[in-house]
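The chains carry the letters A, B, C and D, assigned in the order they are written, with residues numbered from 1 in each.
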Amino acid sequence: MATIDFARPTAPNQDKRWRIVESTMRRVGHHPRALIETLHTVQEAFGYLDRDALRYVAASLHVPLSRAYGVATFYHYFTLKPAGQHTCVVCTGTACYIKGANQLLGALKSMLKVEPGETTGDGKVSLLAARCLGSCGLAPAVVYDQEVAGKVSAEGLRARVAQWMSHDA
Amino acid sequence: MTVAAGIKTLKIDDRDFSARAQETILDVARQNGIFIPSLCELKGLSEVGACRLCLVEIKGSNRLFPACVTPVEEGMEVTTNSERLQRYRRSILELLFTERNHVCSVCVSNGHCEMQTLAQKLEITHVRFPYRYPKAEVDASHQRFVVDHNRCILCSRCVRVCDEIEGAHTWDLKGRGIHVRVITDLDEPWGSSETCTGCGKCVHVCPTGALFEKGRSVAEMMKRRQFLPYLTLMREDRE
Amino acid sequence: MSKLKLATVWLDGCSGCHMSLLDLDERLLAVAEKAELVYSPLVDQKIFPNGVDIALVEGAVSSEEDLDKIQMVRERTKTLVSLGDCAVTANVPGMRNPFGVRAVYARAYRENVTLEPGIPNDSVPRLLPCSRPVHEAVPIDVYVPGCPPSADTIFYVIGELLEGRPPEICAKTRFGA
Amino acid sequence: MTPEELIEIAEAEREAQSEYAHTFNVCVAAGCLSCQSQSVKDALDQEIKTHGLEHTCRTKGVGCMGLCSEGPLVSTEKGTLYKKVAASDAPELVESVEVGPVSRLVCPTDMPFFQKQKKIVLENSGVIDAERMEDYVAAGGYSGLIQALTEMTPAQVIEQVTRSGLRGRGGAGYPTGLKWSTVAKAQSTRKFAICNADEGDPGAFMDRSVLESDPHRVLEGMLIAAYAVGASEGFIYVRAEYPLAIKRLRTAIRQAERLGLLGGNICGTRFSFHIDLRLGAGAFVCGEETALIASIEGRRGTPRPRPPYPAQAGVFDEPTLINNVETYANVPMIIRNGGDWYARIGTEKSKGTKVFALAGRIQNTGLVEVPMGITLREIVFEIGGGIPDGRNFKAVQTGGPSGGCLPGQFLDMPVDYESLAKAGSIMGSGGMIVIDDSACMVDVAKYFMDFCMTESCGKCIPCRVGTYQVHELLKRITGCESTPQDMSMLQELCDLLKTTSLCGLGQSSPNPVLSTLRYFADEYKAHVEDHNCPAGVCGNGSGGAR
């Protein structure tokens, strides 16, 4: 199959992290089927997928813009908005639900005044609900930033998140 | 393979038919004037088997089969219109009516909408399930066309015709589940789309009033689809 | 044989269905021979009587008053007919539903008002959160979609009901007809 | 890599290991890691150094030992198991190699939790270091592959798998041998073997644990399968939510490539196989084969009607074999010990063992592997140690959102594919959630319907709108504001979903509702007729388990 050498689009800006994205795309020969892998790389590098990123990736992989957007919004792991400084993921898997994950989520919702998937106005904390972390043996489970905590109580949760809210870091 | 070897005989609603091996149950039914409802299927576009209205029964199986993607087989006995099928079809269409805001009386497609016509044909006099009344946008940013999400049934014909026939792939779907919407480019206003060629094919394959031309009154917004078989034929000849 | 008691009710609708009913013209006389119109916005009767045989309802259930009224009508009626798209689907009245009652009140009584803007507390019935088809409020016996159903359709439906037959309306009308 | 070289590696490794008189196996799978087991390991290392015991005593990071609720777990070469170990316990533990076990930390291993299990898939879990291939080889790893490649034809491999009676462990239980032979028969020069590691059922973590604890076993199973069906390329489709599993899989693939067990001309034969990882991105529906294929191809993970089946036209329209993690993990042992050996375990129609993730209102939560045919009672009350806090058993949920809730009357039922299906649930991938009398079953049904609604891809109408409407009905019922008509509508919509949905997600989505309607009808009745939630969970629109 003959390949047409379109001029490769250039990265949205000078940010060095685009090199990581470029190397992922190069590794897969800029094939359209590498869209999801590339989006993973972008999200890992930048924390989220913005329009510029989607436009760049779509153009580089020869994927229609609407398809790129369709894929990015189909998979809940991808986010189109930047996350807060801290993220708190409450597991809502069955085991956690049976052990009161809803109460944990409720406590955070009222404390942070946001719904799952949103970030507080000051950009400090993002609240997320996960389908299942696979830590069912430790239900109910919560992930504070990258760290998994098991058998979490509403009090412990509130205390931990309150710490984030008060710090200026 | 000789032509004779590729011929299958089958029964549809107790009548005998012969068909070419590559044909689907829906093809054979259509050729012979047997009505099977469908909304996502449109001759000339790829099939997706998504609307589930063309489900039929095949003797020997408890499962139901979408006629649009089920190829004929030798000795197949198909039932297209049992009491059970009618019940399921009505329920599916009723669900579709609850999903968005289908207000027929003030729709540009009133009188020539495939969904409205089908509802009458399936003898739906009212919808038993509660309506959702979602908030849906109307995008009139395009110079000539409008997309009204209130009336979209997500059949994806616009997506397919734009991709498969026009080759622009301006349309696609975003989100999932009940939140799916048709989008142009990066979910941007249609009018500012960089990829739309303005050909209007999407408008004319749309089964409802979700896509329409500006400035057309109800009686005028007839969808014209002659281009589809024509383009398909012309392309086949070229290949 | 005594005449059957016929009633018509007007909830949240544009009165188009009643206009279509009036379009029966001289056929109204044929109806009057078999039925007595005991209650209707078209007659001067203030209270919905007991023992109504057939009641035609136009309009969606949009306010607390609509809801009270239709429940009372249902109790006092043998055969309740949901007449027209507003009654059957909530139709145009239902188009406010995605926006919510507050936005509707604000638009009607504040944003578009120059003299003494304010939401009335009394004298206007309170809106329900959603405008709903009649069958979501009370059980319905016969559905006649259409916006409005034609005079022919209405004449046919009344005629069949007066003869005690369930009308077959699918070939005659549809949503938006 | 020749068979002889493999034996050399194994022997060298065993010799190296035997130099240590004492080994502390510290669980570093996700469960114990989240209880700070890494700091326990570090503290032990430090303590060993302090005592100058580096040449006789060592620590080893191992995979899951199963009893997650008692973590962090540490075991010794003598078979002593320590539970709830803290970093501060390190000095005492290191001294114990001289003076005997630290009794206050000992977890008895003669309890049914350990005694009643039979480990095939989890054979190495909690025993070997998942990040060292030599450890896997020393435990007999890759000998099944070598045996298949050097002594067996592909047809003979399939014959053994068919004889074993192994059925797909992803949920539906399709005979593995049959699946393999269909793909083997497909005519194409390019075929694929895929490992479905998109473990999406909420309440299931078997696959994660296997991948974290023994990744090479999965690779070996895939290699044997690829050889049998004639596949030259493979994908492991793994959840992005499992970073540790991904990391260890990447390591394992690299190691296998370096030793020539992955890549071109494996073991000097003409068989070549390449494996690539593909990360899922949070879509349950991608567990469905055709959706998984779409996702691997970089598209929205929406299923398509079958036929054609993946065995005929899968990834890039080529014949494709798809099995899940646990299915592949069974294969090396079947080849090593023969299909007949495997077929002797389990029941008439369900052979071998099954790994379950025990969770919910149960004493011993964690991972267990049991022979098929064991009763639910044995799992819940003996292995699981029963219900905590003096509460009573109410139901056990198997099969996740596609499964059902089984009440007490089924406790003595043998656990196999047919019995579970007959009772209105499914085997599923192995999540087993125990529910006690503090839970409301209508609320549980609502929970699962919420899951299916959110995870519906939106392609077909029955699933897209039907799951929404059923969820609305359940919301009304749990909100104690429903009418008796709602119940018939619920039945009708469940039937519609089951019969007319495009894929397995929609078709099985009503199962939690149907099974609770069947066995807990009185709870629905109380909500609908008396506007009362017997468990005191629902009402006033709040909802949610306590």
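In this text, contacts are C-beta pairs under 8 Å (C-beta built on N, C-alpha and C of every residue); 3 or more make two chains touch, one makes a residue touch a chain.
Bear in mind that the values here come from a model prediction, so they are computed numbers and not experimental data.
Engineer: Of the chain pairs B-D and A-D, which one is connected by the greater count of C-beta contacts?
Structural biologist: Counting C-beta pairs in contact, A-D comes out ahead.
Engineer: Could you grab the centroid distance between chain B and chain D? Build each centroid from C-alpha atoms only and quote it in angstrom.
Structural biologist: 40
Engineer: Using mean CA coordinates as chain centres, what's the chain A-chain D distance in Å?
Structural biologist: 25
Engineer: Between chain C and chain D, what is the gap in Å from one C-alpha centre to the other?
Structural biologist: 58
Engineer: Can you check how far apart chain B and chain C are, centre to centre, with Cα atoms defining each centre and the answer in Å?
Structural biologist: About 34 Å separates the centre of chain B from that of chain C.
Engineer: Enumerate the residues of chain B that touch no fewer than two other chains.
Structural biologist: 128, 130, 173, 175-176
Engineer: Residues touching two or more other chains, restricted to chain A: which are they?
Structural biologist: 67, 70, 74
Engineer: Among the residues of chain C, which ones contact at least 2 other chains?
Structural biologist: Counting only residues that touch two or more other chains, chain C contributes none.
Engineer: With touch defined as at the top, which chains are paired up in contact here?
Structural biologist: All touching pairs, sorted by chain label, are A-B, A-D, B-C, B-D.
Engineer: Could you pull out which chain B residues touch chain D in their complex?
Structural biologist: Of all residues in chain B, those touching chain D are 48-53, 55, 64, 66, 69, 88, 91-92, 95-96, 98-99, 128-130, 132, 153-154, 173, 175-180.
Engineer: For the complex, which residues does chain B have touching chain A?
Structural biologist: 163, 168-176, 183-187, 194-195
Engineer: Please output the residues of chain A touching chain D within their complex, sorted ascending.
Structural biologist: 32-37, 39-40, 63, 67, 70-71, 74-78, 92-95, 97-100, 102-103, 106, 130-139, 141, 147-150
Engineer: Of all residues in chain D, which touch chain A in the complex?
Structural biologist: Touching chain A from chain D are residues 30-31, 33-35, 68-69, 71, 199-205, 208-209, 240-242, 278-284, 295-302, 357-361, 365-367, 397, 400, 431, 433, 435, 439, 444, 447-448, 451, 455, 457, 543-546.
Engineer: Help me check something: in the complex, which residues belonging to chain A touch chain B?
Structural biologist: Those in contact with chain B are residues 51, 54-55, 64-70, 73-74.
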